[in-house]
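In this document, chain identifiers A, B, C, D and E correspond to the written order of the chains, with residue numbering beginning at 1 in each.
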Amino acid sequence: MQNEIIFILLAIITIVSSSVMIYAHRPIDSALSFMVSLVSIAALFALLNASFLFIVQIIIYAGAILSLIIFIIMFLNIKDENLPDETHKNKWLMFTSIIILPFTYILIDLILRSDIQTNSKLPENFGSIKDVGLTLFSKWVLPFELVSILLLVALIGSVSLAKREEK
Amino acid sequence: MNTFLILLPLILTILFSLITVPVLVWMERRVAALIQDRLGPNRCNIKGIRLGGLVQSVADMMKLVQKEEFLPSHIKNKFYHIIAPSIAFMSAFLTFMVIPYADNIKIESTTYYMQALPIDLGVLWFLAFAGLGVYGIILGGWASHSKYSLIGSIRAAAQVIGYEVAMGLSLVSILITYGTISLNEMVIYQTQNFFYIPAWGIFIQPLASLIFVVTAFAETNRAPFDAAEGESEIVAGYHTEYGAMKFGLYFVAEYIAMAASGALIVTMLLGGYQLPYLNTQDLINNFDLILWILIILTIVMSFLFIGWIRSHNILVLNGLNETKLYTSFILIFSTFFVILMSYYSFGYGGANDIGVMILQFVIFTLKLFVLHFVFIWVRWTLPRFRYDQTQKLGWNILLPLSLFNIFITAIVVVGVNYGS
Amino acid sequence: MKEEMTLNLLLLCPLISASFIFLLNIVFKNIRQSIYSFLALAGSGTSAILALYVSYESYFNHKIFNSLLFTWLDIGDFNINIALKADALGAFMVLFVAPVSFLIHVYAVAYMDGDKSYGRFFAYFNLFIFFMFMLVLGSNPIIMFLGWEGVGLTSYALISFYFHDIQNTYAGNKAFILNRIGDFGFLSALMILFVEVGSYGFSFTDIFLHINNINPSTLDLIAILLFVGAMGKSAQIPLYVWLPDAMAGPTPVSALIHAATMVTAGVYMVARFAPIYNMSLDVSLFISYIGAISALFAAVIASRQYDIKKILAYSTMSQLGFMFMALGIHAYTSALFHMFTHAFFKALLFMSAGAIIVAFSHKQDIRELRGLRYSAPVIFIMMLTATITISAIPPFSAFISKDSIMSFLFASGHYDIFILAFIASLFTAYYMFRMIFVMFFSNYFLEAKKSSWFMLYPMIILSLFSIFAGLLNLPELFTGNLNISTWLNLEDKPLEISHTVEIILMLINTIAILAVIFYTYKKYAYTDKILDESEVNIIANKFYIDEIYDYVFVKSLKHFAVYIDTKISYKLIDRSINILALSYAKAGRLFSYIENGNIRFYALYMLVGLMFGFVYLYVLLRLSL
Amino acid sequence: MIKSYMILSIILFSIGTVGLISRRNIIVIYMSIELLLNAVNLSLIAISSDLGDSSAQVMSLIIIAIAASEAALFMSLFVVLFRNRASLDANLFDILGSSK
Amino acid sequence: MGVKVVKRYGDTFKEKIYISAIFGGMKTTFKHFIKNLSDASNIHTLSYPEELPKDITPQYHGVHRLTHRKDDNSIACVACFMCATACPAECIEIVAQERDDDVDEKMPAIFNIDLLECIFCAYCVEACPCDAIRMDTGIFSLIGNKREDFVYNKEKLLSLKGISQEEYSLAK
């Protein structure tokens, strides 16, 4: 019961902050509401016993990626005239929401109809760093290595992109 | 009792993060004064009781709380401006949640954890919330809408982001050595001996310890890495436009962050709540002996303290006689404790576990304050790094060094494991 | 030492030394030659010792060395291992490949002394040995093919070693391209083989176990394509033209690659695939004929050549022809044994030729190199030994091996091949002694530089080998016990010939060869008759084969290509593509209103499409429920 | 319980899609993409904790790592684009290559 | 012109890693700390309200005062506006008035100094031709509850005493 209440609270926070994120005009508002939704998603992870993913979500998403975004927003010193002129924003949002509605409806309907049984027996240490680490380094070594290469490539790529061209 | 034991770490966390701040401010001022051949604040008193100037900090806090709240009129993002210090404060506060103050105690087959959040994430939690703390600074500086604030906050953000990398990597080598990320298990690991040297992190991982301590200084924006508030160039950095309790929150947050870093350093590198050569079980088994040693030590220390204060109290104020008051206080206290402890040690109490817990907590606090002293000592010794030097040190020196250290550590650990 | 380690080391020693030499060569500019020499000799010497150990174990204890390096491909049930295997055949191959290459290394240390690309030479050399071992020791055709390509590559590098002369580069190109044609055959054969029996695994043992599943005509195709590969590598008609030109490389290269090791790869390959050839008899006979024609053809050409190295090159081709003859009639042991002895005496011949070239200031034409007997007596003895050996005069080693081939040829009943071989062997004696008599038996005297002992020691060792190596496989006739045959234990056709006939054959052979030598002596010794020979003769011009090739293949193809390019390609293909492109451009302009470059719009289109699909599927699903 | 997590994930995904398509601010577009990834992560972890198998957690860990590298690239792209056009309007960035 | 090559310091490895220098500095500060902690009597601090500074001389820029004439003890100022002109902070306000006691022609009717604006530069003292304004009162602490308390008028200024022997204006 306790879990359900927490879940509902977190779900409401997540949905509301995500909606604010896509609605807000200034990027800083978007970024901060996105941070709220990221943290509440992290809390949802914790609710699902995935404690390692919870902390990773906070460290990487909320701590690194979002702070990078905010850093960039500050760094670029975006003024109001630099923002795009979005006079038809509300129309667009309405239009896209109408298009996306059947998708949402159908998926929710399918999930409600499906007979997924809830499995309450979780193995010990589930979601702990050791468990996830063992899975990562036994079954998923290749993706792990590939991701490390990807990170390296992204690093080099971003450095070379952001470098000013020499005249 | 049980509820109290469960709530105790939480209470301790609050104590550590809030009550230590005035003490730290006092320490900072007095130590700075003594280092610079001054006396420091010693005048503020309540009926002649000055507690060595500690009352001054309380008075400062009172002043900050009572000050008029105002917002500079040019600030557009009022919400962010107000919320930024609280974010800094909250994240600094939350970092304290995983520090173990004492070993887990077992009473009637129930284990009580002396951590506010008994999760095995340990260090990662610290990293996560140390990272979130940047938001407060970034947001505050940005929302202040002032050049100095913006420069200060960008400096702080870049510095924290840069040093977090080196910190994480130096942590990795420490974690490889300990083989765990749970802080309590790290402390237990450090009770081992290593060629008659206690296996503290600072002895078995000297390079990583050095890097970690340096990055901890930088993460908390303490001197010599306080370019974010370099008053010679940018007035006061990110909190230039702040006043009253909003400034107070930043101020407190900085000290809490320092306290949290210190607690982490104590836990990871200085053996945590443990005494060298004595693990928890030894302490529990020989509690009587230790208790008597402690009582004797306490009494001796009290007399020394009284002697010192007699010769040292230069300025005499009106009101109560401080020396007499302290003396009588200490006498009453010692008598009470002698009675209480002899009651225990003669086998009436038998709550050795709790006694050891309290002892370990005291040890932890002592170590923490020694470390705080080091923080302050460093601040009043070293000049501030220039901003580019800060970045260069972080990226060009500490990062490669910590990578190198990981390499060495991995080789050694694999070698040792292979050998055994 | 464990057996895997032995084999791996045997393979990797040359590679390691090659890489070290490469590194040193790249990194340091001025480095002492002795370091390179030490590295090169250490690499090849270690592998030579290991090779001797391997063959010793294989010979006396019938031990088969195996080594699984790693699994290269692992797809479902099918996997290809990078594995090495030294069975009797492999051990036999390394028995002569490794020591001979070591000796040639020692020789090359002296030969290449003072060369400016000293390091590069030895790097290539060791790399070549590595690939050769890979070829010989591979446990499945794929590794063998890798080694095969590798020796081709390194031989290209070595032939055009003095690449500042464009002629040498052309020679290298020629070798490389002709080898590619052969390799294409080999590769196609492997592909077909893979399609047919690859599902059972692809090591040699697996292939030979399941060879009966292939239908005979496909097997014939495989056999012939494999032989195409062998033709290219072993310089048989019609893919032989590269071998004479390959003499452009330094002489140790010729000695190692074009006499002792690489060219024998074809023979080794046919012997390795013996089960296949045992089943397709027609192809075997074809091989035999090709071998016979090549042997005779090369011998005839060699009799009118003047360049020492060219003569030796043609003689190599001729000897390889002998081997293929034997292979064609399923006398594998004889072929391999001839290859064994051939490695020694041909290496010796090349080394003597090299020694002469060095001693007489890089002259190669025998008409200029006359009267060397007193100025270079050691070389003379060496060369004479080798020549007597190659001419199959008893009791030198080649006599035994060649005689075994002749006996088999006679016994197989293909008298036409036998006669061709007989004539070829007479020609062999003729051209070899022609060279000897012209160079050493004359009234002239040429001043010689002193040869380095580093050159002479390996030659002396090799001369001993070429005299006595025959003892290893003495036929029953001379109370021998055919040691090599029993060791290799290949699926030879049994020799059905009486001892009397065998003795008669030998006598006829020997007497005929002695007669030819006497005739040659009369003709060339102490005379200047060599100078009278005309150079416009069809034989002297190698039957114009190079020119014919050039005309038939290169020129005609070029004309055809030019025709297609100017006439057909322009009108038909370019025009039609232009029209197509134009219509695309028109259509593109239409679509560019939708495709406005904004990723949001693309996402929107995707979303709309996805939505229709979703709704459609959902309706279908609900209807079916 | 797992169904509600899935439904939440679907709703977040839809919100992300709406933001991705209907906004013109590239920073918001980028954050919408991140929201999509988060929605997927949420459902992955819900399933993982339902099945008691940590493979899905590893998957989302890898997704987070990919998101991090994506963030680095996006940030440098923002810097370059903003430097060239002085705007965050996604509609302006409709040509490949530089404007020169 | 000769070139003098100065040896650069800080190039050795020991100096470059800074650690020894850092610990050297920390040793110094720690020595001070211990010395002062164990014996505070050597610290030269003033317990200010009880102890007052003893080194105030006439040269000290304290609060201003206006001097009297030696002859008749009247105001020495002649309202020449020199001080007000020289004042960089423009804190002196003078209104002149004719003097009817035949001692001189003019005197100030109002002479106000706003000490909140004053920067204690003593330019007015330099500028004064008749030594009428001085800053030798030695008053270094100003206390007031209102802003008006810091505006010193003529009477207040005249009433202040200097700490030097020369009480009167030295001008002739």
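In this text, a residue touches a chain if its C-beta (ideal position, glycine included) is under 8 Å from a C-beta of that chain, and two chains touch if they have at least 3 such contacts.
Just so it is clear, the structure is predicted and the values come from calculations on it, not from any experiment.
Student: If you check the contacts of chain B and chain D, which chains show up for both?
Tutor: A
Student: As a test of understanding: of all chains, whose mean C-alpha position lies farthest from that of chain D?
Tutor: Relative to chain D, the chain whose C-alpha centre sits farthest away is E.
Student: Please indicate which chain is farthest from chain B, where distance is taken between mean Cα coordinates of the chains.
Tutor: Max centre-to-centre separation from chain B belongs to C.
Student: So which has more C-beta pairs touching, A-D or C-D?
Tutor: A-D
Student: CA centre of chain D versus CA centre of chain E: separation in Å?
Tutor: That pair's centroid distance is 66 Å.
Student: How many angstrom between the C-alpha centroids of chain B and chain A?
Tutor: For chain A versus chain B, the centre distance works out to 33 Å.
Student: Indicate the whole-number Å distance between the mean C-alpha point of chain C and the mean C-alpha point of chain E.
Tutor: Each chain reduced to its C-alpha mean, chain C and chain E end up 105 Å apart.
Student: Which chain C residues reach two or more other chains?
Tutor: As it turns out, chain C has residues touching two or more other chains at 604, 607.
Student: Return the residues of chain A touching two or more other chains; collapse runs of consecutive numbers into ranges.
Tutor: Each of 52, 56, 64, 68, 75, 96, 100, 103 in chain A touches at least two other chains.
Student: Taking all chains into account, which pairs touch?
Tutor: A-B, A-C, A-D, B-E, C-D
Student: In their shared complex, at which residues does chain B touch chain E?
Tutor: Residue list for chain B touching chain E: 31, 34-39, 308, 312, 314-315, 377-378, 380-382.
Student: Quick check on the complex: what are the chain A residues that touch chain D?
Tutor: Residues 3-4, 7, 11, 14-15, 18-19, 21-22, 24, 27, 30-31, 34, 37-38, 41, 44-45, 48-50, 52-53, 56-57, 60-61, 64-65, 68-69, 72-73, 75-76, 78, 82-86, 89, 92-93, 95-97, 100, 103-104, 107-108, 111-112, 114, 116, 118-119, 121-123, 126-127, 131-132, 135-136, 139-140, 143-144, 147, 150-151, 153-155, 157-159, 161-162.
Student: Under the touch definition given earlier, write down the residues of chain E that touch chain B in their complex.
Tutor: Per the touch definition, chain E meets chain B at residues 22, 25-26, 28-30, 32-33, 36-45, 47, 50.
Student: Write out the stretch or stretches of chain D touching chain C in their complex.
Tutor: Per the stated touch rule, the residues are 17, 20-24, 29, 90-91, 94-96.
Student: In the complex, go through chain B and note every residue touching chain A.
Tutor: These residues of chain B touch chain A: 77, 80, 119-121, 124-125, 127-129, 131-132, 134-135, 138-139, 141-142, 150, 153-154, 157-158, 161, 181.
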